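Two complexes, one shared chain (chain A), two partners (chain B, chain C).
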Partner chain A sequence: MSTATTNAAPSRGWYKRNEIAITPWLFLLPAMVFFAYYVIYPICESFRISFYDWDGLGEATYVGTANYERLLFDDRKFNVSFLNNIKWLILYLLAIPLGLFISLFLNQTVRGIRLYKSLFFFPFVISQVVVGLVFSWFYLPKEGLLNAILAYFGSDGVNILGDPSLATYGIIAAGLWPQTAYCMILYLTGLNAVDPEQVEAARLDGAKGHKMLWYVILPQLKPATFIAFVVTIIGALRSFDFIAVMTNGGPFGSTRVLSFYMFEESLSEFGFRMGYGAAIAVVLFFIMLIFITYFLWSMYQDEKGAR
Partner chain B sequence: MFPTPIAKTSRQWQISYQIILPIVLIIWLLPLIAVAVFSMKPDADFTNGNYWGWPSSFELFTNYGKVFFESNMPRYLMNSFFITVPTVIGAVALSCMAGFALGIYRFRGNLLIFFMFIAGNFVPFQILMVPVRDLTINMGLYDTVTGLVLFHIAFQTGFCTLFMRNFIRALPFPLVEAARVEGIAEWRIFLYVVLPLMKPALAALAVLIFTFIWNDYFWAVVLTQGPSAQPVTAGITEFNSQYRAAYHLMSAGSIVAALPPVAMFFLMQKHFIAGLTLGAVK
Partner chain C sequence: MHSILKTSLATLAAASITATAAFADSHALSGDLKITSDMSNPAPRAVMEGLVADFGAMHPELNIELTIVDREAWKTQIRNALTANPPDVINWYAATRMTPYVDAGLFMDISDLWAEPEMAALASTKGAMTLDGKQWGVPYTYYQWGVYYRKDIFEELGLTEPATWDEELANCQAILDSGRKCYTIGSKFLWTAGGWFDYINSRTNGYEFHIELANGEVPWTDDRVRQTFANWRQLIDMGAYVDDHQSYSWQEAMPFMVDGDAAAYLMGNFSVAAFRDGGLTDDQLDFYQFPTINPDVAPAEDAPTDTFHIASGAQNVEAAKAFLLYVTSADVQSEINGGDALGQLPVNANAAVSDDKFIQQGFDMLSNNASGGIMQFFDRDFPAEMASVGMEGLQEFMVFPDHLDDILERLEDARQRIYQ
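Then we have the complex of A and B:
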């Protein structure tokens, strides 16, 4: 008994003395171990693999920057994918004004408006795979609802997903549906918190309509806009599910984006070119990094302001 | 309030607003309504080319019965549950602790670690794909539910920690100080002071992560390949090739696959939206 207490006392004393310094690290440990193993290490490993020629099974041969040279200067598929990524980025941002528009339309107090709001938000909750399927049926040349409607107005049918010049836009439209719903809910929350006194004061000064929106409301919605921008950019660059489900990259590879092309190179029936795939992933990573840096910088400014 | 409350506008506009509202909603949900209608139609309507006319009969039970009793769908749904639920528990538990550490304590590297979690959360999946697949294969977890769960926990921890840390930061810090003055051990402060205050955050995160993981497709395709472990998002493509061009069955299958997160959303709406719009209001 006495030996136990003499043994325990100094160790407890040491822990007690350093409790505030040690506790955070103990609490962080599990999360950091998981994160390092499954996120940090794989990122570094992808960088390394991108310098190799590797089929995922046999020996990897070091090829220096050959993967990148081929990718950037001699790969038509990469060019198409990259261009499509830019289309996605630009057009996906339409979700922000669209979401704002719908939220302004719905920001009223009438009977059942809560239900309306949740039903408008509905598309975001459904998995992108299902949204993709739903839209690919919607677009079907013979059976689809879109062409049924067009025919009603006397127009010829269009085969959106079968036309290389239209397919990407068709997929982006499908993607905009849930994304707009997300932006809408962000703005609805933002509008809820708009200072009514400022609005009243501006009304007394004769501000209304778009002037009121631009000079009084939008500045107050800035945090919502920032988040809408972040999630939309990330969503645009992550677009994979829609493409895989709706066109599988076709027709004639016209709807590939980098995230899909990378998957195709490394894991599809065309063979396991892990090294080349990793190089594509690294390029995509650097594109994303531009935005990540901007987001983190903005958040850092906030943190500095908070302390 | 902006725009001008409807009650303060002309009677005409009030009425037209009430009329426009359901019309806009129907247009907005049109693709979904189409699928719901499809899922109730009999096979004959599709062979006869009656795609958009009134269904010749309502075959709700036949169609959904086929989905549940003549396909792998129940198996995929089970897999999805066994992937989603442990991931939610694991990611929320890890991030509670990490968020507590980052939100309460001041130490060197605090902000750096916090930003590392945020940055990792934004990274494109593709840069993780090849190594994560290798890690999973090497651990003998390829094509298992466990393999997916472990990865999902790790990746979602980034977002969850961001969420938890900001939530804890907003709690009244004097509570923690008071507990320290009382001489309460730090881990007890976590358990008995902070954790009870985090209930709304826990609920919000749980529903969000449930939806995210349930709807995941990319990692399901990368880390699994058959009905033994694939979740419903990946299974639906196999289901669709089984019933190629049988739109009534494919529609019913899609609705079944989409339903659990939808139910979750309607049951926990308040928490769900609170989670999604975190930071949208300062």
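Then we have the complex of A and C:
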């Protein structure tokens, strides 16, 4: 029997000999090919186009870094969009504490709690476009519900989406509604995993109220908080839908963010500046890269700790 | 009855084409003809489908493939449609709006078609189809702009249609005193403000100046441009426009006029259908030409023209040209622009104009009282980028007129970059 195996060994095929090393790569190959073609290649292409002056139809002319010089040093629209991106990133994070408090509130056993949970989760299920539309009706200057409520309290009424200093905050508030629901569901699942023995032990030691929350519950919710942070940052950078539906970048461009500005410059009805749009995309890419690096680094640290 | 009329029209048109057109003379058209149209609203869609059916009946050998794309979506999809495997015939708009596609060589030069004798009847629109001395498409319909107003409110206040700027301001003051706004407008999508600028600028400085500005030959900081804005500001400072107009689309601004909170609307003739749907009768609704501001300049009018073009990559050029000739022929023009079809103005001088009150008034105005020239509209006369920056500035001016200096500097900065 043993001689048979030794005799067979040299006749084994190349694949058989390298099976352990090759197979994972074979499984990865389709995903890698698609990722390279649909993600890596377009990113490189964006970098390349950003050095050209191109209307998307005719000949492209190489202009060096002219697009970037104009964008970074001489473009008020870019400054407004960038500032709005910062506002989105900061204020959107409010969804995390809001989601946490709602989940703490809903994490109890009363009759019909499943229904209440579903109702709170409901805004996340409906499309962002619908949420945007509903909020833009809510904000309508004369007919809107918000102004009806304000009028009841004797206020003159306010046109949130028509006021350049308020419009962005109005859109962020609309965005927070579904995002809070998302964070809430993450925390609800996290709360299920909280160790009851630890809670019990803490209680015996006399911890309660915010001390219990801060020192016992929250540390155990750390994975949920991390995921909530990741999805909220990504959500803030993807705010395109709300802006397109609610204000279309207006009034007078005061609610643009970088992704909307990129679309407007290169792909919209009047946008014929592919090179300039690509330059905006590259800047946006680097902003995202900061966060992506942080996320990957922090996940890597976790993995190392787990070993 | 209807089908009999249609068939007889089709045969008439067939006769007129075969009689003269060199493109369709001895042999019948055959092969495939691919048409992509943006006539997606219900009435235009029916017109387009009717055109294809009738043209197909005339040329049984020809297999016509019609694709109808949403009108708004087409404004961005046209780029992809023209670059990869293009159709033969497409819809677009006249004047500077054609420039990117002409420059990129995506529209076919059809100057030879314009040399045909039957195209003489379209002479008035030839300029709008010409770039670099060549013609790049044919028009199929156009419509007037002007002030649509509530006749009953005017009668109640004892007002008449204003002919001069002073009368206009006096009228507006009377309307304001009665607790209404003079004009409704919804500037959320910006272009409605472009209409106001077209009119006030061309009435203040004349058509030539307006076109020079559109061509980037005059700085935005020019005193004449400032004069335009000063005139416009008179209305804004009076409070002539509805409040919060930056939050409404043009349709959402319509109820102000239907409900009688505003007396008038500077709009294109396509708004008439919406007014009628809103419940206004022809006794309540009327039309007047935008008043004179500077008596020394001849009146110019906005009359946007919608067009057909042949893609430069067209496979069946012969059939495409025959289709363009068919669409512009007098009988087809009378039919498709009739009150029960598009309800707009025919481009062929020999076609019959619908007896609709507003189309009649518009036709009369454009034929007899538009000696200054015909503008295509702000976003079609100005290059795309200038139009988008410009209309945003116009909207800001209407809300914050004090920002004017800043706005003009921004527009001037954009002009120097765009027209290099």
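Note that the second predicted complex is superposed on the first by the 292 of 307 C-alpha atoms of A that agree within 3 Å, B and C clash if a C-alpha of one lies under 4 Å from a C-alpha of the other, contacts with A are read in each partner's own complex, and residues count from 1 in each chain.
Keep in mind that, in the parts below, contacts are C-beta pairs under 8 Å (C-beta built on N, C-alpha and C of every residue); 3 or more make two chains touch, one makes a residue touch a chain.
Computed from a predicted structure; not experimentally measured.
S.K.: Of the partners chain B and chain C, which touch A:L150 in the superposed model: first, second, both, neither?
M.R.: Touch status of A:L150: no partner.
S.K.: Quick check for you: in the superposed arrangement, does A:L98 touch first (chain B), second (chain C), both or neither?
M.R.: Neither partner.
S.K.: Would you sort A:G162 into first (chain B), second (chain C), both or neither based on which partner it touches?
M.R.: A:G162: touches chain C, not chain B.
S.K.: What is the contact status of A:L267 with respect to chain B (first) and chain C (second): first, second, both, or neither?
M.R.: Both: A:L267 reaches chain B and chain C.
S.K.: Now for A:G250: first (chain B), second (chain C), both, or neither, which partner does it touch?
M.R.: A:G250 contacts chain C only, not chain B.
S.K.: Applying the document's definition of touch, where does A:A66 land relative to chain B and chain C: first, second, both, or neither?
M.R.: A:A66: touches no partner chain.
S.K.: Going by the contact rule stated at the top, is it chain B or chain C that touches a larger number of residues on chain A?
M.R.: After superposing on chain A, more of chain A is contacted by B.
S.K.: If you stack the two complexes on chain A, which partner ends up touching A:L213: first (chain B), second (chain C), both, or neither?
M.R.: First partner only.
S.K.: Tell me which partner A:G56 touches in the superposition: chain B (first), chain C (second), both or neither.
M.R.: both
S.K.: Does any part of chain A touch chain B in one structure and chain C in the other, and if so which residues?
M.R.: After superposing on chain A, chain A residues 56, 267 contact both chain B and chain C.
S.K.: Show me the residue ranges of chain A that touch chain C in the complex, using the header's touch definition.
M.R.: 55-58, 76, 140-142, 159, 161-162, 247-248, 250-253, 264, 267-273
S.K.: In the complex, go through chain C and note every residue touching chain A.
M.R.: 75-76, 79, 82-83, 100-101, 103-106, 188-190, 243-244, 246-247, 379, 384-385, 387-388, 392-393, 395-396, 399, 410
S.K.: Could you please specify the touching residues of chain B with respect to chain A in the complex?
M.R.: Going through chain B, the ones touching chain A are 1-3, 5-7, 17-18, 21, 24-25, 28-32, 34-35, 38, 46, 51-52, 94-95, 97-98, 100-102, 104-105, 107, 110-111, 113, 115-120, 122-135, 150-151, 153-155, 157-158, 161, 185-187, 190, 211, 214-215, 217-218, 221-222, 233, 236-237, 240, 247, 250-251, 254, 257-258, 261-262, 264-266, 269, 273, 276-277, 279-282.
S.K.: Quick check: in the complex, which residue numbers of chain A touch chain B?
M.R.: Residues 19-21, 23-25, 27-28, 30-32, 34-35, 37-43, 45-46, 49, 56, 104-105, 107-110, 116, 118-123, 125-130, 133-135, 137-138, 143, 145, 148, 177, 182, 185-186, 189-194, 196, 199, 212-213, 216-217, 223-224, 227, 234, 237-238, 240-241, 244-245, 258-259, 262-263, 266-267, 274, 277-278, 280-282, 284-285, 288, 291-292, 295-296, 299-300, 303 of chain A touch chain B in their complex.
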